[in-house]
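Okay, structure first, notes after.
We call the chains A, B and C, going by the order they appear; numbering starts again at 1 in every chain.
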Amino acid sequence: MNAPLIEGLYREGEPIADSAAPDVPIDRMWTQRQFDAKLVNPANRRKLDVIIVGTGLAGASAGATLGEAGYNVKSFCYQDSPRRAHSIAAQGGINAAKNYKGDGDSIYRLFYDTTKGGDYRSRESNTYRLAEVSADIIDQCVAQGVPFAREYGGLLDNRSFGGVQVSRTFYARGQTGQQLLIGAYQALERQIGAGTVKMYSRHEMLELIVIDDGAGPRARGIIARDMVTGEIETHLADAVVLASGGYGNVYFLSTNAMGCNVTASWRAHRKGAYFANPCYTQIHPTCIPVSGDHQSKLTLMSESLRNDGRIWVPKRIEDCEKDPREIPTEDRDYYLERLYPAFGNLVPRDIASRQAKNMCDEGRGVGPKVGDFRRGVYLDFRDAIERLGEDAVRNKYGNLFDMYKQITGEDPYQVPMRIYPAVHYTMGGLWVDYDLQSSIPGLFVTGEANFSDHGANRLGASALMQGLADGYFVLPNTIRNYLADGPYEPIDPTHPAVIEAQDSVESRIQMLLGISGERSVDSFHKELGHIMWEYCGMERTEEGLRKAIDLIRSLREEFWRNVRVLGSADTLNQSLEKAGRVADFLELGELMCIDALHRRESCGGHFRAESQTEDGEALRNDDEFLYVGGWEWGGEGESPVLHKETLSYKFIELKQRSYK
Amino acid sequence: MNLTLKIWRQSGPSDKGGMATYPIEGVSDDMSFLEMLDVLNEGLIAEGEEPVAFDSDCREGICGTCGVMINGEAHGPERTTTCQLHMRSFRDGDEIVIEPWRADAFPVIKDLVVDRGAFDRIIQSGGYISANTGSAPDAHATPVPKDQADRAFMAAECISCGACVAACPNGSASLFMGAKITHLGEFPQGQPERDARVQSMSAQHDAEGFGGCTNLGECTRACPKGIPLNVISQMNGDLLRSLRHGR
Amino acid sequence: MATSTISAGTRPRTSSIVLKTVMAVTGLIFLGFILAHMYGNLMIFGGEEQFNEYAHHLRTFGSPMLPEGGFLWVMRVTLLVSLVLHVASAVTLWRRAGSARTKGYYQRKGQWARFVKNSMRWGGVAIFIFVIFHLLHFTTHTINIGGSYDNPADRLVASFEQWWAVLIYLFAVVALGMHLLHGVWSAGMTLGLNTSLEAAERLRLAAILVASVVVVGFAAPPVAILLGLIP
């Protein structure tokens, strides 16, 4: 790589383009693509092997659909059952442009809201398609028996979500994710029973196999570790799909499940897949605050609480230790209502989060000190209880209040809740084209693991939509175009590329076990998380990011010298699993900081202190940064290479967001 | 607070295993039960002893991954999942006995981790509605009366944690199965396969080596989602109905 | 293409649920007999005459359609077949439950449920042994207590003037009551009668009612005789 080093951190490579989207008006694009994509004769499907890593909404739905179609599917997840993928935890709902309420919703409006919500950093064609297939998702799920909320008339109920003006969110109480995932899981189990899908649970993908059969490199399989026996297995296929979820756990504390990781994506990245917009992270404003050093994860409280709860902190720092009930109204600062009179407590996630942090940084945070810092603001239902009565509040939010009480031991009917922002979702991910194919032919990426549909910020209730859209409707149609040219040349399990992949996995495991240093894996993970949260969290600065990069580099160096992983490789070994994941986070974290550093604008979840308006609001820079940043692995110890995909907005007008 | 933990340690599926005792200090009220185990494990690692293996993922009570017997009760003294149990439910000086789910259909993999694959195989045998992708009619084509939809939802809340099996004196998975059969059986969409589903699933249940239910009701007491016993009765009724239909 | 739907592989003839159903149905047949039997026993309060008439009527019931004693035999065969099925199912389920958890817990709560489980099994066995004793006593007259009488009422009175005989019967009746306390609830569950939380309450009440009636109804005659309330 001869391109000059920029800022001492990265190089710039050739721009990239999405070559798969047909050049027709946006509302005909998907129909056209489905028509153009080559067909696979049913008799041939049995001869085509597809590996799917991940059984969340994106992976399970794809596995079920490809299995039904008759392909030979191998499905992987690290949990003990495919039904436990992290999609299960989603609470709020799933969007679809059904317009069942007759309130003026349409495909275009959903497309518009999603694009605007993403602060104009997503690809139009993908977002439009997402809106287009959204209605089919609901039909499919209902047919499977997903118990969505219904009205007394027997029809489906909707609510509005995340500050949009139409009611298009379908939900199943506070557990929409669980119900949707069970639907997809059952469809997957049906195919497992039918023999079209073979399930490998408690298997972790540790390497991607890329082989050049003369026609250029292609993804041809994976190396996975059986987490029970420790066996390193090679699985070969005609195509590989990654549906391995998001990487929010790089922050250690997040609303993600303990096992969420970047390993599958990162290994693919190291084999040539571009990683797009890694710095785009969504921070959710209403989570239960950290209570101490022992904390292992953060719990999300539904955003709907902001409809009736009022957010405040004491005006004076001295009051922060007081019982909140004893602070009179005139000594309270309802800061969101003060700063954003029009939207008040209902400002979008990124703004609510950032302002909470600002209050705590000023020293006006509340709750117990963690370290020497109070991280929390009040979410107070006193006025709502006065206005509506306790019973009405209980009816609306009872289960959330109970959950809060269970976790904190405090009764929110009596004392105000304490909330604080937490990392929740990662918009960045592996770069894919309109076909959801990554920059490695034969490697497809779906769901949260890809970057494609949410730009710099994700609107509530749209991740579930994307996962299922990708898995049920998009991927099965686009992957056939690739598979139609198969079956590809059979791969000998002793092919040098396979052996090399196996060896690298095995030697890495041996290395981790052999270091026998002083520090536990968790202690490294916590420290990394701390660095990421401080410098690459809600607000980022040039100086902070540079510092973070240095800190991460030295932490990584220490990790490979001083980590302590006990036990052996040939049994269930949870420390070893964690160690591998943290090792990859330590590389990803640096890339995230580099990406955040190079993007000198504020957009969506990415707020750069240097790029703000006079009154402290995010300032986007469309002239310089209207592109997707696709990062290529530069090689061990080398700088990454940036490939830009310029975004062009033909069907939507670019606007500055304002919530004043 | 300071506690004494008695934990089942078993190095692998074929190891005999046994109880081990660990004192632990400085546990705070705010910790979840699993965070307390995290703290124990950090201590064990520091001393060069292998940490205690236990399963967890979401840690918010929804994925169903976690679950151990705590002082002889599945998920411990409160009706919740192990990950949502907090240490304020215990007192300074308590001795806490921690064991894996015990059922021959759930073999122990290591320490507190068991293999619940049997649940997946029961679902495989018929715990679904056959609806191929893309073939679905409009969602509003079949209205579902709200009380039916609500009952289906109640049953669908099952998180497959396995506490019902662990608590049942007969090692029966009837509550888990009944929940699924009730969930799918309440919907019009679930009717065509209703007879075959209950037959196939109950045959698989027995083949996995779960015991028969004698309606003792421990399962529902242990269930973190409060799945009621009437789902078991529903399943029984459905099976009889299917036999009357002469399948 | 794999458009599979559920195919019920093995027909679940011996599935646990079917066995449970067999137990429930045979159990309810027993219950029917028990209630009738209890009603008959209570005739003793109407005096020796009435009781003897009842015992005789039992033999001529259904005549002339059935030969003398015919009804009795139909009933006996039904009871015997039921007993075989009931016990065979109980033993099979018992064995299955036993192998469902071969490694027990170090510490265990939920003692009540385990007590109920065990009392159903051992209580059933106790009832079985009692019935054999009871048949030898009242039906075949192999065992004589308090002297040998041909008149049913005399036999009864003579037997229960012995305190230890009353004790044996009371013990059996309590075992039966406990068996029914759980059994009626359980049979209702098995037959699909618990359809809601309210139905569950009703079923529990029905079980308590049946069990109490049976215990009181059976215990009354022997106790009354022992106390000399019946001449």
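By our rule, contacts are C-beta pairs under 8 Å (C-beta built on N, C-alpha and C of every residue); 3 or more make two chains touch, one makes a residue touch a chain.
Remember, it's a predicted structure, so these values are computed and weren't measured experimentally.
Novice: If you average the CA coordinates per chain, which chain's centre is most distant from that of chain B?
Specialist: Relative to chain B, the chain whose C-alpha centre sits farthest away is C.
Novice: I'd like the most central chain, judged by C-alpha centroids against the all-protein C-alpha centroid.
Specialist: B
Novice: List the centre-to-centre spacing of chain A and chain B in whole Å, with centres computed as mean CA coordinates.
Specialist: Chain centroid spacing, chain A to chain B, equals 27 Å.
Novice: Need the CA-centroid distance for the pair chain A / chain C, whole Å please.
Specialist: Computed value for the inter-centroid distance: 62 Å.
Novice: What is the distance, in whole Å, between the centres of chain B and chain C, each centre taken as the mean of its C-alpha atoms?
Specialist: One centre to the other, that is 35 Å.
Novice: Among the residues of chain C, pick out those that touch two or more other chains and give their numbers.
Specialist: 3-4 - these are the residues of chain C that touch more than one other chain.
Novice: Would you give the residues of chain A that are in contact with at least 2 other chains, written as numbers and ranges?
Specialist: Only 68, 190, 193 qualify.
Novice: Multi-chain contacts only, two chains or more: what residues does chain B have there?
Specialist: 125, 128, 130, 132
Novice: What does chain B use to touch chain A in their complex?
Specialist: Answer in residue numbers: 11-12, 28-32, 34-36, 38-39, 42, 45-46, 48-51, 53, 55-65, 80, 84, 86, 88, 109-110, 113, 115-117, 119-120, 123-125, 127-140, 142-146, 149, 152-153, 156-157, 159-160, 183-184, 187, 189-190.
Novice: State the interface residues of chain B toward chain C in the complex, per the touch definition above.
Specialist: Per the touch definition, chain B meets chain C at residues 6, 8, 19, 69, 71-73, 97, 99, 102-105, 125-126, 128, 130, 132, 167, 169-172, 192-193, 195-197, 199-200, 202-203, 205-206, 209-218, 221, 228-230, 232-241, 243, 247.
Novice: For a test of understanding, state which residues of chain C touch chain B in their complex under the given definition.
Specialist: Against chain B, the touching part of chain C is residues 3-12, 15-21, 93, 96-110, 113-114, 116-117, 120, 182, 185-186, 188-197, 199-200.
Novice: Under the touch definition given earlier, write down the residues of chain A that touch chain B in their complex.
Specialist: Residue positions touching the partner: 61, 64-65, 68, 79-84, 86, 88-89, 98, 100, 136, 138-145, 147-156, 172-173, 175, 177-179, 182, 185-187, 189-190, 192-193, 199, 201, 228, 257-259, 291-292, 294-297, 299-300, 403, 406-409, 472-473, 476, 520, 522-523, 564, 566-567, 571-572, 574-575.
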